[in-house]
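Each in structure tokens, the structures are laid out below.
Here come two complexes built around chain A, the first alongside chain B, the second alongside chain C.
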Partner chain A sequence: MIENDGYNLRLYVAGQTPRSVAALANLKKICEQHLAGRYEIEVVDLMKNPALAQRHQIVAIPTLIRQLPEPLKRIIGDLSNLEKVLVGLDIQPT
Partner chain B sequence: MAELKRDIPQPPLFDDAQETVEAIHRGIVDAVVVMKGSEGPQIIMLQGADEPYRVLVERMSEGALTFGPDGVILYVNGRVCELTGYPAERLVHRDIATLFDGEAPTLVPNISLEASLLRNDNTSLPVSVWAGPVSIGDTSATLVTLTDLSVHRRAEQIAAAERFARSVLEQSTNAILVLAPNGRITHASWMAAELAQQPPVGHTFSEAFSLEAQSAAQAGTLAHFSAESLDTLLATKPFHGVEVGLQGDAAKRTFLLSAGPLLDDAKASVGSIVTLTDMTERKRAEEQQTTLVAELNHRVKNILAIVQSVARQTIRSSGSLGDFMPVFSGRLKALAIAHDILTQTRWTGIGLEELLTAVLAPHVSTEEERVAMEGPAILLSAPAVMPLSMALHELTTNAAKYGALSVRGGRIDISWTLTGGEDKSVELSWKERGGPKVERGTSAGFGTVLIDRVIAYDLDGTTKIDFDPSGVRCTLAFPLRDQAWSPVNTPRSAID
Partner chain C sequence: MKADTKIAAASPQLPAVEKSPTGIAGLDEVTYGGLPKGRPTLLCGFAGCGKTIFGMTFLYNGAVDYDEPGVFIAFEERPEELIKNVGSLNYDIQKLITEKKLAVDHVHIDPNEIAESGDYDLEGLFIRLGFAIDNIGAKRVVIDTIETLFGGLSNELILRSELRRLFEWLKQKGVTAIITGERGESTLTRYGLEEYVADCVILLDNRVHDQLSTRRLRIVKYRGSAHGTNEYPFIIDEQGITVMPITSSGLAHDASIERVSSGIPDLDAMLEGQGYFRGSSILVSGMAGSGKSTVAAHFVDSMCASGRRCIYFAMEESQQQITRNMRSVGLDLQKWADKGLLKFSARRPNLFGLETHLAAMHRDVSDFDPAAVVVDPMSALMNAGVTTDVHSMVLRLVDFLKARGVTALFTNLGMGIADNTSTQMQISSLMDTWLLLSNRESNGEHNRQLYLLKSRGMAHSNQVREFILSAEGIKLRDAYVGPEGVLTGSARLAQEAKDKAASLVRAQDMERRSRELERRRREIAAQIEILQAQLASDTDEEALLSREGVAREDQLTADRVAMGTSRQVAATQNERAATTVGKPKT
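And then the complex of A and B:
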């Protein structure tokens, strides 16, 4: 149950690139649908501060990091593949 | 279950190189991070054509943001962060409506409207909001620009304040000057420009205005200041209430010279406001009031002196208190009538016939034709009114008690003539007939002494009374001149 108690998600984007914008829109939609009320999203714009890429060893943008619940998980891409995102985040489809 | 999961070894973070390559290949990422020596990580755009636009949007002086169909903010530029006071990560994925103070504006494509942005310090900022559709990749979104209106508002307020100040300067009937800290005039009201010897703006006060003392007191005050020290004083110190005249002012007006500091928002002095207020009318009114009060004092004193004198003379001719009271009271009434006339005519005098009518009124009704009056129109000056009124009162009272007005059928003929050239004099004749026979020795109870005294002393005239058995005859002769009357002088008849 721990992993379902609260999702702390960090999305690394690069300004307003189409994939970054798509990733944020997709993430928001998925969270509202599957994690309503128990998630937090932090958006990190690496265009503004590229050094922040080091913390989670970001290579491609956009990249989503699930910080909580542990373990740390990452999904690379614009999160357009719903099934892959749900699996990647350990979310059971509702 | 959780414990079980912890036991499973975590894959290294960068074990997903293959996934990265696949993602790039599939086009679901559009930027990569590369390490660039000592500079640290750098972002490389895989689709670099929009980079110039990105820089442009990041650097623009207007706030720009995009939000998706559900109202969630997808992107904000640096200016939006400045305007709201929030970092980008606190703004992205928030609802657009939460950016505004109160009700969120209803955004209509390509229409600008005004709204209040809610800042992180709970203040609000007026902004102009413009919205338009934009598509980002395969996502349709709305682009919003935010323009800070506080600068415009401030400029509008400044412009309005400037217009207000200008209209005050232009409309004021006082001379108003604005001085810079160096003493140079920067603004001048219409009246100030009229009074100045030359267009005042750009000059010091002493260059534009030459002060002139109008009295010894003013000269003493002005002697304290050189032109330079006055200029410095006016520009730097509050300065109140020095009365001055201006050289070349044909109207010889008196002005009150004052100065006060001109303060900016931080209450620091940025110059001064100098005013020259025209005091001429006020001073004139003050002087007039002083004169009037002095006059009133003298008149009251004079009246008291006259009353005292009348009382004395009445006592001399009265045998008892019973005799005294009605005579004295009648004489006081005569004084009151004369005083009323003078007050009503504002001490300008009255026609002789009007005075006669006023004095006779208590004893003769207008329906009765018992008194005949004949003579040219004569305007008596104010100083003649009181003594003549008293003399006529004595004659009238006597006629009412013992003479023509004491019986039915008795009559009085009053006539007067104006004689002489420049020094005109009046000769007034009073003839009673049809009354009781006048006995010898009647003069004892008659106000002969009083009549003689006021006509001789106060009018420089003569009195002749003849107690003819058929009726009293009296001739009063006095010069008609605009006597050098002053309220300061007590009537001579009232001085023993």
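And then the complex of A and C:
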């Protein structure tokens, strides 16, 4: 079940800005609450790897991309609005 | 940074604003050197007016001609599409990308795919742009319709502050940027980008009039620099963008005193015997069928015959039609075309707008480098635009041709001198020589006439000539001017015959009268002879008489003497007696 249902999330940030830090904290909190044990978070710092911004079509920072499950979903912002994050990631609140 | 010394020299009065040449023909002239260097320029216009092409041309020229690599950020088109689209302009974008002279980044924003939660900024865009710029050392950036962001992201407040930051950031980066924007209803751009980009604003426009579209460009503002303020037409075709300023606002053409033959000896004779001035503009106007094209063809023929090149811009007939028709007056134009001296450029006037015509002519003239051009007929172009447009187009064409020293002959379909339409009046004032052809109807036939309305700078003939199209070409004959007006054609022939008859009668009359006089003279002479004979006989008689008189006198005297002698004695006796009687009284 975990294989099919697993969430692969990638958070794009640009350095350690307060907004990035907040976004990561918010994301971790949400995942722990709703996706405990079936998620994976990868943080990509575009400051360190700027070429990825173009390759992955990043415009806004922070951007969260749901790689898995399909289809691809994007959420931009510091993820402070819980409801929108849940809708955006297509997570049924538990 | 090397290129600016040249630009600064081009506008010495404005050393303050450094400029980055666009390499777009004409635009660098109206901006006096190009776009403000290291600053963003706003390029706005409605959809389809050429913003993207404009931006790409700026980058392409920068990369190829000015050694300034560029970055194209496309919000609307994918790189493949973009490369394909500008491929129609012969821009090999792919090659430039491979050579790292150009980078294209497509920013894709799909609102359906993006959810927003909380605050964000556009740092991702900055990073992409910064990375692309640093990667190839870009000096130029084009951001093609950044306003797409407003459709993709909902937080306008964030967007606006980020845009402001972006333009500041671009300035700090020192790149010359073009930001394109879609034109709004009452504002220059739909989202008011002009608020942020204040250095230079260029407006593009694509107006349709009578189903023909004309692209125009206007520099709305250019901080710290003089610029042309007019609307300049521009064209986009396979050779890129060409903006067309009225090039010689200073009217500083060289005026040649060299002459070129009109190809019609009789017409040359009317033009001081030498023909037109080289580099002058000649207008041949007349009604349909008055022989305008034939006059033009003679000119072309004579130019080609002297080894000079010509372009014939045909607006109504095809090359085949023209060569066939001219053969009927003994001109073989095909021969010159085959030799490469004559180029036909046949285009329907309504094929495209005036500006495109003008640009096409510009290009033909630049490529072929002719000594003379013929536009036949120019009036066809008038249907392709508004009168004022036609006027300005012809003005620019005339300027362009004069600047190159190309002799230009325009034909114009009009109703002759009586037709003082504004178009004809406006255009005729641009012309140096105006030949008027007319068709005169009299006695059931039309006859062609030619007359020189004006020819600047020479003592030209003021005579109306009869214009005859023959198999040997154009002949001009003195029109018959008599008490009944100017007669041409068979009326002239009839009048000439009448004159001949009258003069014959006159001659006969004269002869008769002189015979009469001769007769009378002889009569008088005869009378004089008779009288003189009488006089002579009278004189003889008189002499005879006087001789008779003398003889008679002598006779009488002799008689008397004789008688006296015989009576001598008696007389003496008588005398003596008389003396005695008297003596006693004393």
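Convention: the second predicted complex is superposed on the first by the 90 of 94 C-alpha atoms of A that agree within 3 Å, B and C clash if a C-alpha of one lies under 4 Å from a C-alpha of the other, contacts with A are read in each partner's own complex, and residues count from 1 in each chain.
In this section, a residue touches a chain if its C-beta (ideal position, glycine included) is under 8 Å from a C-beta of that chain, and two chains touch if they have at least 3 such contacts.
What you see is a predicted model; the values in this text were computed from it and never measured.
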Checklist entry - With the two structures laid over each other on chain A, which partner does A:G88 touch: chain B (first), chain C (second), both, or neither? => result second
Item to check | First, second, both or neither for A:A25, with chain B first and chain C second | outcome: first
Checklist entry - Should A:P62 be classified as contacting the first partner (chain B), the second (chain C), both, or neither? => result both
Next on the checklist: I'd like to know which partner A:E42 touches here: chain B for first, chain C for second, both or neither.
Outcome noted: first
Next on the checklist: Applying the document's definition of touch, where does A:I76 land relative to chain B and chain C: first, second, both, or neither?
Outcome noted: both
Checklist entry - Now for A:Q54: first (chain B), second (chain C), both, or neither, which partner does it touch? => result both
Item to check | Interface residues of chain A shared between complexes with chain B and chain C | outcome: 14, 17, 19, 22, 46-47, 50-51, 53-54, 57-63, 72, 74, 76-78, 80-81
Checklist entry - For chain A, which residues are in contact with chain B within the complex? => result 1-3, 13-22, 24-25, 28-29, 41-48, 50-51, 53-54, 56-63, 70-72, 74, 76-78, 80-81
Checklist outcome for this item: chain A residues touching chain C in their complex are 12, 14, 17, 19, 22-23, 26, 46-47, 50-51, 53-54, 57-63, 72-81, 84-85, 87-88
Next on the checklist: Applying the document's contact rule, which stretches of chain B touch chain A when the two form their complex?
Outcome noted: 2, 5-6, 10, 13-14, 16-17, 19-20, 23-24, 26-33, 40-43, 45, 47, 50, 54, 57-58, 66, 68, 70, 72, 74-75, 78, 88-89, 92-93, 136-139, 141
Item to check | List of chain C residues in touch with chain A within their complex | outcome: 105, 107-109, 113-125, 127-128, 130-132, 149, 153
